[in-house]
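What follows is a pair of complexes built around subunit A, which joins subunit B in one and subunit C in the other.
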Partner chain A sequence: MNHSAFTSVLGLGCGVIVLCAVVTLWRRSLRAIVRALAVQGVALALVAMTLGLHGHDRVLEVVAVLVLLAKGVVVPSLITRVVRHDVASRETQPLVNVPASLVAAGVLIFLAFAASRSVTALASNATGRLIPYGLAAMLIGFFALATRRKAVSQIVGLLLVDNGIALVAFLATAGVPLIVELGASLDVLLIVVVLQVLATQMRLRLGSFDLDQLAELHD
Partner chain B sequence: MLWVILLVPVLCAVPSGLVAWRRAIGWLGVASASIVLAVGIVLAVNVVRGHAAVGYGGVLRADALSAFMVIVIGVIALLATLQGVRYLEAEIAAGRCSPRHASLYAVLIQGFLATMLLAVLAANLGVMWVAIEATTIVTTFLVGHRNTRGSLEASWKYIVICSVGIALAFLGTVLVYLAAQHVAGQGAGALDWTSLVARSHHLDPGVMRLAFALIVLGFGTKVGLAPMHSWLPDAHSQAPAPVSALMSGVLLTVAFYAILRFKVIADGALGPQFARTLLVIVGLLSLVVAASLLLSQRDYKRMLAYHSVEHMGLIALGAAAGSTLAIAAVLLHILGHGIAKGVLFLASGEILLVEGTSEIKDVPALLSRRPVLGGIFAFGLVALLGFPPFSLFVSELNMLRAEFRVGLGWAAGLSLICMAVIFGAVMSHGREMLFGPKGTDTPAVTPALVAVPLIAGLAACAFIGVSVWPLGSLLRAAAHVVAL
Partner chain C sequence: MHVVGVAGVAALQVATIAVGGLVLVGLMRKVRARVEGRVGAPIVQPLRDVRKLLRKERLRPQFSTWIFPLAPVVLVATVCVAALMTPLITSRPALGAGSDLFVVVYLLLLGSAMIALAGLDTGTAFGGMGSSRALTIGALAEPALLVTILALSISAHSSNFPAIIRATLADPGVIVSPARLFALAALLIVIVAESGRLPVDNPATHLELTMIHEAMILEYSGPDLALVTLGEAMRLALLLGVFVNLMLPWGIASSTSIARVALGTLVLCAKVATVAGALSFVEVFIAKLRLFRLPELLAGAFVLALLGAVSGVVAK
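And now, the complex of A and B:
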């Protein structure tokens, strides 16, 4: 793969990842949000695979396939199963409305570029310059976590944070050691399973998974 | 030998998973905790005499600090597994829990122990991160084990907030790896703690600053340090009492152990001031949060939970001072707080079981109605508030001394003000629970299975406070590992 093709594929992947993060703030339908998450997982795998092919790194290629399976296929389908049981599968009342969320996303992307100067300086090559994209996806994930009231939207927020951090890990270090990367991916899968179990139990007990109904514990 | 420690809980989990609950499973858990404690002591003796033990191709490593943490885990696990027998039998008898569900609890407790032990024995910071993350997953199910609305809500909050925290810690770890890669080149060895410490002076300061801030924020979430503490009172009040004891007594400090390990690297790369400033900020913030929220508590389990936030704040301040004296005091405090808080949570579980409520105002006159249980709770509070002869008095005093010596006198002064407020709040809540008009009924008897381990725990806490003798050389050696 020649260098210009390499950088443009990487740039494309990172752009798609941030775009998908923004889409999760924009759309209200939970199905559309989960679809955006799946696309983001695929884009993340694309970035890892490109880096692996370019650096002739067999381990990274294996990791890319695993990411594709875990974040592109398994996790979205698990969340879809939770969504299917929800009658009105829409994010009805986010704490911050959609236009304001989109403005906030713009601010967060700007913030990500400002905050990662020391990191991009150290990894000063084509890949290092893309690190702010990962941070932007992560910050948007935090925003979604803080402002969304549906259990599913919170899971999505968590996964956005995780995908953002994984992107930073791939770009900054050309893949952290395999054992750590495996642990991290496995954990994501486990967390989604745990949250799915909890969401199912909550539905059985509460009839829905609006987190507003969970307000027993307070001071 | 390091493998033995990890294998014991795993092997004990297998038979517990195969059969429905019976008492033997409970005793198996107790045996597992005792073996961990015994091997921990042997390990500590070896490590103090000689060098760090390395196992399994360098993935595991135990220095004095790890050995100390293994002992802390062993002690509290022993107390918690003994009470676990009582908790499960009471739940089954009350029809709130099926025998199968009870053996699931036993399996999860062993998994919880195994993941905490892996966290303190890992040589590689990446593996340590994976282990701490795994504790989150296991404990989520333990928090939700009672399967009530409240416990479901608590476990949801717990896993969402802690997953975010742990994700930040992962980013911090990745950034440390990035900095290390620039100095040492690629490979898993770049996250090896000993080689990172050896090269810490050459790590890029800009990246390390960002990395350590993320580590403190991320692992600080699991420690229960403000501003990421909001999961803690819910999870600790809703979990079964033995789980609360383990979470509050050791899991918080296992996460703090991770911060201590990273602090050495950050100190090498940035000088001591950066880590000190960060830890002072989160420490004081935690103390202020705990003081303001303890005043208005109506639930005694939540009161104990906020008290943990206070103690984690004190530990963070002690670590900020960072001298050998300060770290030794921090480690002693970790042990003392673990035992005292463990005993109190276990006693409060028993109170909840016999009284059926966790409201402070509904359980008056405990000392006259249930003399033994009330007495244990009273002495536990006395220990936790830092009265002599208990070890928390010694450790708090020495942390304050160390803070004055390194010029953190102002922070120590502020922490004393917060401690005074907390002292008053806890004393008044304690008085409401312990004293009051005596009823007409005869004093109730507390089963020996409950009382004996708790009294032994308090006695141990007092013994360490009077004579640091069995721990002195271990504490010194462990403090040298991470002190400035």
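And now, the complex of A and C:
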């Protein structure tokens, strides 16, 4: 793989990751949001695989396959199973409306680039200059966590943060050790399983996934 | 000889946009009809409609002012000037030196603004409603459009349109760069919004509650309506031509030799027809978006464009 193709694929992968984060704020349908999360997982695996192939790093290639399986397939399909039971699977009333969220996402993207200027100034290669993308995905994830009210979109926000952190790790240090990556992936998997249990309980007791319903006491 | 060649290509470019635009509208209707299982009108029907309208009597609303007859003329004139500036068939258009993307885009917006004014000028309820909606959409699309142009011009170090095309031809890798892809996606949304296609406006409806563009031009008849129809078709063709040439610039003529120009014309028509057919095919499966949801769509286009611009700066 020559150098310009390498930077091009890497740039595209990082762009898609941030784009998917934006799409989770853009779309209301929870299915579409989960689909965006799956695409983001695939893009993250693509970035890891590109870095692994370019640096001839066998461990990173294995990690890429694991990321593809965990974040591209398993986690989204688990969340889809939760969404499928929700009759009105839409994010109807986020605390911040969609156009304002999108403008906020634009501001957060700028913030990520401004905040990591000293990091990118140190970076000698194309990989280091892409770190702000990971930061942007993370910040958009935090925003989704703070403003969305459905349990599913909150968990998606958390996974966006996780994917952002993973992207920064891949770009900055060419991947964390395999054991750490495995631990983090297991954590995420566990969170999603807990979500599924929680969501099932919520549906049985309350008939919806709206987290605001948990703010008051029920018999 | 060179001057004659340049003038000839310029005239060809305007003629292609004018005739091709009307045929394009017919083609899009035909594709839609076929996908829906109807036979549909012939592809040249818009040409026939315009010819018929040109022969009819010119009627004006009672209390309208000079803006009403002026607006269609301004619309067609601005699109013609923009067609002379844009590298559609040749990469060296007649007015290429002044062909800044900002200038081209705002020339096109001038025509839309005039039509919106004419809609207000008639003093009817529908005209005012349509104009207010069209201007709202225009205002929402504008930030996305500005940032898109910014993103497109970063890689070429210039917002001169022919320069962007030549830079793209010199380094085709730019096309798959994230900056260009995001900018093109944003541009496509803006084109759909500006030319009043689904999901922003339904060009086939005259339902009073939903129409936007049709409401503005409701009072036009005869030759004026022919000019408005022509101008709108030309604008759609020009915008799609701009889009395809930014996406796939190959085939564009670099000299004024007859073979190159003929090839350029054919390739342009093929590219625009393909994109228009695809748009029209997709339109069958989507519904019109509620007016209050439009800010979401256009804010999304804005973030896409912003992402493109940021990626362009990072890739530097």
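Throughout what follows, the second predicted complex is superposed on the first by the 212 of 219 C-alpha atoms of A that agree within 3 Å, B and C clash if a C-alpha of one lies under 4 Å from a C-alpha of the other, contacts with A are read in each partner's own complex, and residues count from 1 in each chain.
Please note the rule applied: a contact is a pair of C-beta atoms (placed from the backbone, for glycine too) under 8 Å apart; a residue touches a chain by one contact, two chains touch by 3 or more.
These numbers were taken from a predicted model, which means no experiment stands behind them.
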item: Partner chain in contact with A:T173 - subunit B first, subunit C second, else both or neither; value: first
item: Which superposed partner A:A64 touches (first subunit B, second subunit C, both, neither); value: neither
item: A:V34 touches, of subunit B and subunit C: first, second, both or neither?; value: neither
item: Partner chain in contact with A:F110 - subunit B first, subunit C second, else both or neither; value: second
item: Touching partner for A:S4 - first (subunit B), second (subunit C), both, neither; value: second
item: Greater subunit A contact set [subunit C / subunit B]; value: B
item: Which superposed partner A:L19 touches (first subunit B, second subunit C, both, neither); value: second
item: Footprint overlap on subunit A, where subunit B in one structure and subunit C in the other make contact; value: none
item: Subunit A - residues contacting subunit B, complex; value: 115, 118-119, 121-123, 138, 142, 145, 151, 154, 158, 161-162, 165, 168-169, 172-174, 176-180, 183-184, 187, 190-191, 194-195, 198, 201-202, 205-206, 211, 214, 216-217, 219
item: Complex contact set, residues of subunit B against subunit A; value: 124, 126-127, 129-130, 133-134, 137, 140-141, 144, 147, 149-150, 152-157, 159-160, 163-164, 167, 170-171, 173-175, 177-179, 181-182, 186-188, 190-191, 204, 206-207, 209-210, 233-234, 237-238, 293, 296-297, 302
item: In the complex, subunit C residues that touch subunit A; value: 173, 176-178, 181-182, 295-296, 299-300, 302-304, 306-307, 310-311, 314-315
item: Contact footprint of subunit C on subunit A as seen in their complex; value: 4, 7-8, 11-12, 14-16, 18-19, 22, 26, 98-99, 102-103, 105-106, 109-110, 113, 120, 129-130, 132
